[in-house]
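What follows is subunit A paired twice: with subunit B in the first complex and subunit C in the second.
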Partner chain A sequence: MTVYRAPLRDYKFLLEEVFDVGEIAKLPGYEEATAETFAAVLAEGAKLCEEVLFPLNLPGDAEGCRFENGVVRTPKGFKEAYDLFRQGGWTALAADPHYGGQGLPATLNFFVSEMVASANLSFGMYPGLTAGAVEAIHQHGDEVQKKTWLPKLIDGTWSGTMCLTEPQCGTDLGQVKTRAVPTDGDGVYRITGTKIFISAGEHDLTDNIVHLVLARLPDAPSGTRGISLFIVPKFLATDDGARGPRNGVRCGGIEHKMGIKASATCVINFDDAQGYLVGEKNGGMRAMFTMMNAARLGVGLQGLALGETAYQSARTYALERLQGRSPTGVKFPDKPADPLIVHPDIRRMLLTMRAYTEGGRALAAWVMQAEDKAHRLTDADERAANDELVGLLTPIVKAMLTDNAFLVTNLGMQIFGGHGYIHDNGMEQLVRDCRITQIYEGANGIQALDLVGRKMGQHTGRLLRRFFHPVDQYLRAKMSDPALGEFALPAYRAFGRLQQTTALLAQKGLVNPDEAAAAAAEYLRAFGLVALGYVWTRIAEVALAKRGMANGEAAFYDAKLATARFYMAKLLPETGALFASIGSGAKPVMELAAEAF
Partner chain B sequence: MKLLVAVKRVIDYNVKIRVKSDHTGVETANVKMSMNPFDEIGVEEAVRLKEAGVATEIVAVSMGPAPVQETIRTALAMGADRGIHVETDVELQPLAVAKLLKAIAEKEQPQLIILGKQAIDDDSNATGQMLAALLGWPQGTFASKLKIEGDTALVTREVDGGLETEALKLPALITTDLRLNEPRYASLPNIMKAKKKTIAKLTAGELGIDVTPHLTVLKVEEPPKRQAGVKVKTVEELIDKLRNEARVI
Partner chain C sequence: MTVYRAPLRDYKFLLEEVFDVGEIAKLPGYEEATAETFAAVLAEGAKLCEEVLFPLNLPGDAEGCRFENGVVRTPKGFKEAYDLFRQGGWTALAADPHYGGQGLPATLNFFVSEMVASANLSFGMYPGLTAGAVEAIHQHGDEVQKKTWLPKLIDGTWSGTMCLTEPQCGTDLGQVKTRAVPTDGDGVYRITGTKIFISAGEHDLTDNIVHLVLARLPDAPSGTRGISLFIVPKFLATDDGARGPRNGVRCGGIEHKMGIKASATCVINFDDAQGYLVGEKNGGMRAMFTMMNAARLGVGLQGLALGETAYQSARTYALERLQGRSPTGVKFPDKPADPLIVHPDIRRMLLTMRAYTEGGRALAAWVMQAEDKAHRLTDADERAANDELVGLLTPIVKAMLTDNAFLVTNLGMQIFGGHGYIHDNGMEQLVRDCRITQIYEGANGIQALDLVGRKMGQHTGRLLRRFFHPVDQYLRAKMSDPALGEFALPAYRAFGRLQQTTALLAQKGLVNPDEAAAAAAEYLRAFGLVALGYVWTRIAEVALAKRGMANGEAAFYDAKLATARFYMAKLLPETGALFASIGSGAKPVMELAAEAF
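Right after this comes the complex of A and B.
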């Protein structure tokens, strides 16, 4: 059996004790977003996730979505849950108040989205995709488009999608073939083509679905420079914003997938459908890119979220399941066997899960706070500095958190033994659901290339410095601290090797790009592990300061310290192997001829 | 018509309760707290009465140290109009709570007071009855249905033989049972609105009430552990055990 309770105490710890959430309420427009607001919103969101969404997760996986006569049916209970979610205003959380949103910070949205994904990742896809569409229209649409589409998308009456992929093009969007033909109407086009892998492309949760579609104009240049973005709704909107006649948009089928089975992954056929150009002609890729970072951070936290559920479930099981005896002798003589937790290997697995999950959450929370600052600080230079930090760490949050999450969900299943392999216990679903997070929104290998090929060299390494400088300063200062040194010192050593490796890679990559590309995935992982070393040191610093005056909470802070120690001793050393492997260069990867594979 | 609802902050119903090692009480540090579920039903009923145009104002009251304000905020987010927080660090027992509520009721003059039938932490099931007695008001306890007709509250109660409906002349007091309603989830806009609603702070002294506890807790212990079962080989053995060991037949 899986269990899930929103980790509200950990949220409070990160928001109020590690990162000063008060800084967010100082940002213009976020005055309402105080620590009390965060707590109240998270507590109510937790209830909905635990009581409504989580119980639908396993049955939703078993039932899946059904495709009948062009219509997609979501599993039993999803519609009612969606209505509760929508009526509760949760779809509007971070959206612009001008169009009916609540205008709350990205940081708060992050924690709420984590809870939703922990409880039911498939369910979270529907409002998640809508939020992406809202962002696209909000940033790139004109005023008429915003007034027409945003209010109903924000209040959740309608939902949204992102239509990028086509049968011949996934990562390489330059090959998009969907055509957009101008009409007599200003900004109105006829869209024809087939899109695949469209999450929430068709379903029965809302009365209308608003697709954001990448397509090519007749005179467009080839490649990514010739792609434009269009709003193509399932039903047209009338002048007063109501649902109008049906548009030429049809669902051709749904995919049968490994996981997230309650999320409808659709083939969408556009047949001479009416669409509206968003932003500039041929400016579609740029519009996409502004959203890509947010979407990638979102996927990173999906992984994290599944890791949390896996950890909670495995911990509960390890404390209750009686099996075998401790290697050092019987620990619970009154019971027929000792609980799993007495076994060192079970503890290793649980601590690995916990260190990656709690550390990953801290890293992501730090990035989200920078995201809020990047949008709202008044000083343009400071905004840019935060934006650059977010840009640098986005591929790391996406790839490392999801890679870790796959390991974490797998360990969770392992702790359940044979029962982990049985569907009814829910653990194997977490593994299957998690697997997609390493693939979509840019496969993790693409994230590594983004880090090494784009972010590393951008502005002559300025993005790197946004991370290197504060981390160097912090760890150097804490290294000689008698209590904190045991955390800061190993973190600083690994950090030093990361800096050396970065310089080496930059140099070799300039001469031969294969050198950078061959090392990219390992470099991203090493970078991520160092970043986790940094946040675990910060966590340890707070825990050390608080545990003395912890008013009955000493156990909470002691657990943070023990987990931080585990991280430094057992997980951070992976960087050693990674740096050695990176040092071996591209040759071991490249020497075998393609035809010899 | 003004309504008063009392809300208590208790250990969340999902939390596995642990007894403190010194047996003076249960562990509350680092434990999730929420509104007593029966009180949540009380707030929900009040909000429904307001939505139906029967009630005009809902005042949510809680008592205890500063964090109980969060519980009042939850009531405000569900739809109560304002809050009253009686701040005290003294451990409050039912009689003290009833006396404080009486003092507040005299100031506020509500037509109806709604309380949970009991709080899930101490399960006393006493405050509502005590308060009605102190006020000299009619009481409808364990309400599973409530209807207001003019100056009468019709309260349906689930009793052993079936359903019993009582007519109470207002002002009256009711305590809620589980089936009265299903409380709503507070919406995000209402959580934000609740931040702007006022919570008046009072002390027991200002209300002229002595809240000194009259009951002393001697010891808090975990319930005895269940013994493992045994398999019996024959029906005769089962009957023998039932007769001689369990002594139930």
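Right after this comes the complex of A and C.
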């Protein structure tokens, strides 16, 4: 059986002890976002996730979505849960108060999203896609568009999508064929084409669905420079913002997928549908990218979220399931066997799960805080600095956290043994649901290219320095600390090799772009593992300082220290293999002729 | 879309060029097993697998098995395919000619099993389980039992199972509760209890199902020393070997699983059922282990098999799917985009798949040849030597090949991008089907304990020497070879560290068994990667020798060399991380209190 309790203590630890949540409340417009607000909102969200969304997760997977006569039915209970979610104001949390939002920080919103995804990833897809649409319209739409669409999207009576992929193109959006033909109406276009893999493209949770669609104008240049973004609603809006007549948007079917079966993945056919240009003509890719960056951080968090549920479930099972005896002799002579937790290999798996999940959450929390600062600091340079750190770490959070999560959910399943393979126990669903996070919003190989091919060289390495400088400073200062040195020193060594490898790769990549591309995936992983080494050192520092004075919480801090130690000893060494492999260059990857594969 | 063509050229390469299949034909009783026989049987098997079994794989997954009124229905087409399989003599391939078998070598049988699993793993489970039952009765049954049960199991009109697991125990069979009460009839017992996770426990492919059941006699000692093995058929056999009256064996239901959905995984209830003791009273575990060793090698091969299908499918997709442009500039200006294969990261994934799959097959082929020698050589010492090599490498073949296969099938899915997540494209099924291979027949953590806790120390390290000596000799001789040195040298270096780590672990494990157990999984993996380094060097040696004189096959050998180079440069370095992690000892795994997890 899977179990889930929101990790509120860990949120508090990160927000109040490791990273200073007080800094967020100092940002203009976030004055209300105190530690107390965070705690109250998270506790309220935890209740909804644990009591309403989590119980629907396994039955939702078994039932899946159904497609009948152009209509998609979500599984039993989803509509009622969505209404509770909406009425609770959860769709409005981080949105602009001008349009009905609550204006709370991204950091808070992301922890709420983690809880939702831990409890029921499929459910979370529906409001998640809406949030993306809200962001796109909010950043790139004009005032009329904002007034027309945002209030109902933010209060959740309508929902949104992102329509990018077509049968012939996913990653390579330059191949988009959907056409947009201008009409006499001002800013009104006729959209025709087929989009696939549209999450929340059609469903029965909301009155209307507002699609954000990439399409090509008749005179558009070829490739990605000729793509524009359009709002194309399922039902048109009347002048007073109510639901009007049906638009030429039809669901052609839903996909049968490996996982997230309660999330409808739709084929959407646009047939001369009315659409409204968002932002500049041919500026669609840029608009889509601002949405996509937030979405990518969100997907990293989805992975993390499933890892949390897997860890909690596997830990519970390992404490209860009696199987075999400890290698060092019987530990529970009165029981027919010892619990799994006595076995070193089970502990190794659990600690791996924990180190990746808690470390990944800390890394994400750091990035989220920078995201809030990037939006709200008064100083433009400081805003830019934070924005650059977020930009650099976004592909790492997306790819490494989801790769780790797939490892973690699989380890959880492995601890369940044969019982993990059985649907009713819930563990295999976590693996299947998690698997898509490595693929959507840019497959993890694309994230690696984003890091190596775009972020690394941007502004002659300035993004890199946003990470390298503070990390260098911190680890260098701590590595000879008598208590903290055991964490800071290995982290600093791995960091040193990361710097060397970065320089090497930048150099070789200039001469031959294949050199950078062939190393990209391994480089991203090494970078991510070093980043986890940094955050685990920071966690250890706090834990060392607090454990003495912890009232009855020494065990909490001791667990942090033990996990940090495990990370340095058992997981960080992977970087050595990655650096060695990168050092061998692109030739072993490129020499085989295509036809010899 | 998945594609599958039997890798007959690779079989020929391994059998005739790398390992000398002629040696098998020199073994007493295998005189017919010449290279020509191998080639003819494999070509015939390939046809059946490609044309009959593979087309049933995806629909079989979609339909699954159904349980109605105690009866299990396999998916459409399975019964007809099974009849073809049986009539073709495939169930009899490696069985004893005294009871209707064809007496062909294990090596050949295992390659046939690989093809079957590549084409349709679920289908392969049914004859696979029968083969296990045949082996158990053949090795441990008395002559009456053999005459009664073997002919119909071998010709496939009846099928078999292994009934080990119960709700309270899987790995820890000492907890088995199923009871066997002696009756007045000579050797006849009454069996009562519930077994779970019984593959092929009930189905509509054969007239009768012969269960091999672990149960406990009334006076049995507790734990594994008190377990006996029984034949418990669904229908009793009449004196003339026909199907007689129904026995007290009922299917209580089937499991809904992550994968192998066309393989029925049953709850089997024994209610005062007639059973016949096989072998010694309380000797059940030993008997079960002889079956299990072969089964474990078979599971390793199942993983490999799914990796082969994944590789072929991903390669085909990478050559056809047009997406993006090469980092070094447009390669196909006349096409809307370049094929995926131009992208270094796609090549990295494909080469990883290939290196693990072809290398794993070579390792398995080496072990299978030793298995045949262990059974048939005339010299007892040589038989023992080969048997010990097989014993040592069995947990490695089982665990590493299935772990690699899970990586490989996931990489294949990743290359398909979003399309990989869709059921109709078949790639996600390979991942789901593959996942069980890491769990059943002893979870991979148990394999690691078998290696470190049993095999390593056996006969004061004699099993280890069966591997270490020839590998040391070979790599040492080749590492300064001007052409082969680039392969042999890195392999030898990793081998050197394996020897050091082995010594370290043996020493520390004697003082504290947790030290060995905490390192077991990483040690097994490092051992396996070194073993792959050894076989890739042997493959490279052959390829170097043959490429000059290869008539139109230079590309085949060049691909072997490129893959060997890739393995040494990109995959073998993982051993460095594993040795470093092992070197940090058990403390980071053991220090956290159980209740702090």
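The rule is short, and it goes like this: the second predicted complex is superposed on the first by the 597 of 597 C-alpha atoms of A that agree within 3 Å, B and C clash if a C-alpha of one lies under 4 Å from a C-alpha of the other, contacts with A are read in each partner's own complex, and residues count from 1 in each chain.
Heads up, the rule we're going with is that a contact is a pair of C-beta atoms (placed from the backbone, for glycine too) under 8 Å apart; a residue touches a chain by one contact, two chains touch by 3 or more.
Just so it is clear, the structure is predicted and the values come from calculations on it, not from any experiment.
In the overlay built on the shared chain, the residue A:489 is in contact with neither subunit B nor subunit C. A simple residue count on subunit A separates subunit B from subunit C, and the partner touching more is C.
Of the two partner chains placed by the overlay, subunit B and subunit C both lie in contact with A:555.
Of the two partner chains placed around the shared chain by superposition, neither subunit B nor subunit C is touched by A:27.
Of the two partner chains placed around the shared chain by superposition, subunit B is the only one that A:40 touches, whereas subunit C remains out of contact. In the superposition on chain A, A:236 contacts neither subunit B nor subunit C. In the superposition on chain A, the residues of subunit A contacted by subunit B and by subunit C overlap at 555. Considering their complex, residues 14, 27-30, 32, 34, 70, 73-74, 77, 185-192, 194-195 of subunit B touch subunit A.
Across the interface of their complex, subunit A is touched by residues 62, 165, 168-172, 174-175, 197, 255-259, 315, 318-319, 322-324, 326-328, 336-337, 339, 341-351, 354, 406, 410, 413-414, 417-424, 428, 431-432, 435-436, 438-440, 443-445, 448-449, 453, 512-514, 516-518, 520-521, 555, 558-559, 562-563, 565-566, 569-571, 573-577, 580-581, 584-586, 588-597 of subunit C. Those residues of subunit A whose C-beta lies close enough to touch subunit B in the complex are 5, 8-9, 32, 36-37, 39-41, 43-44, 47-48, 50, 52, 84, 87-90, 92-93, 102, 551-553, 555-556.
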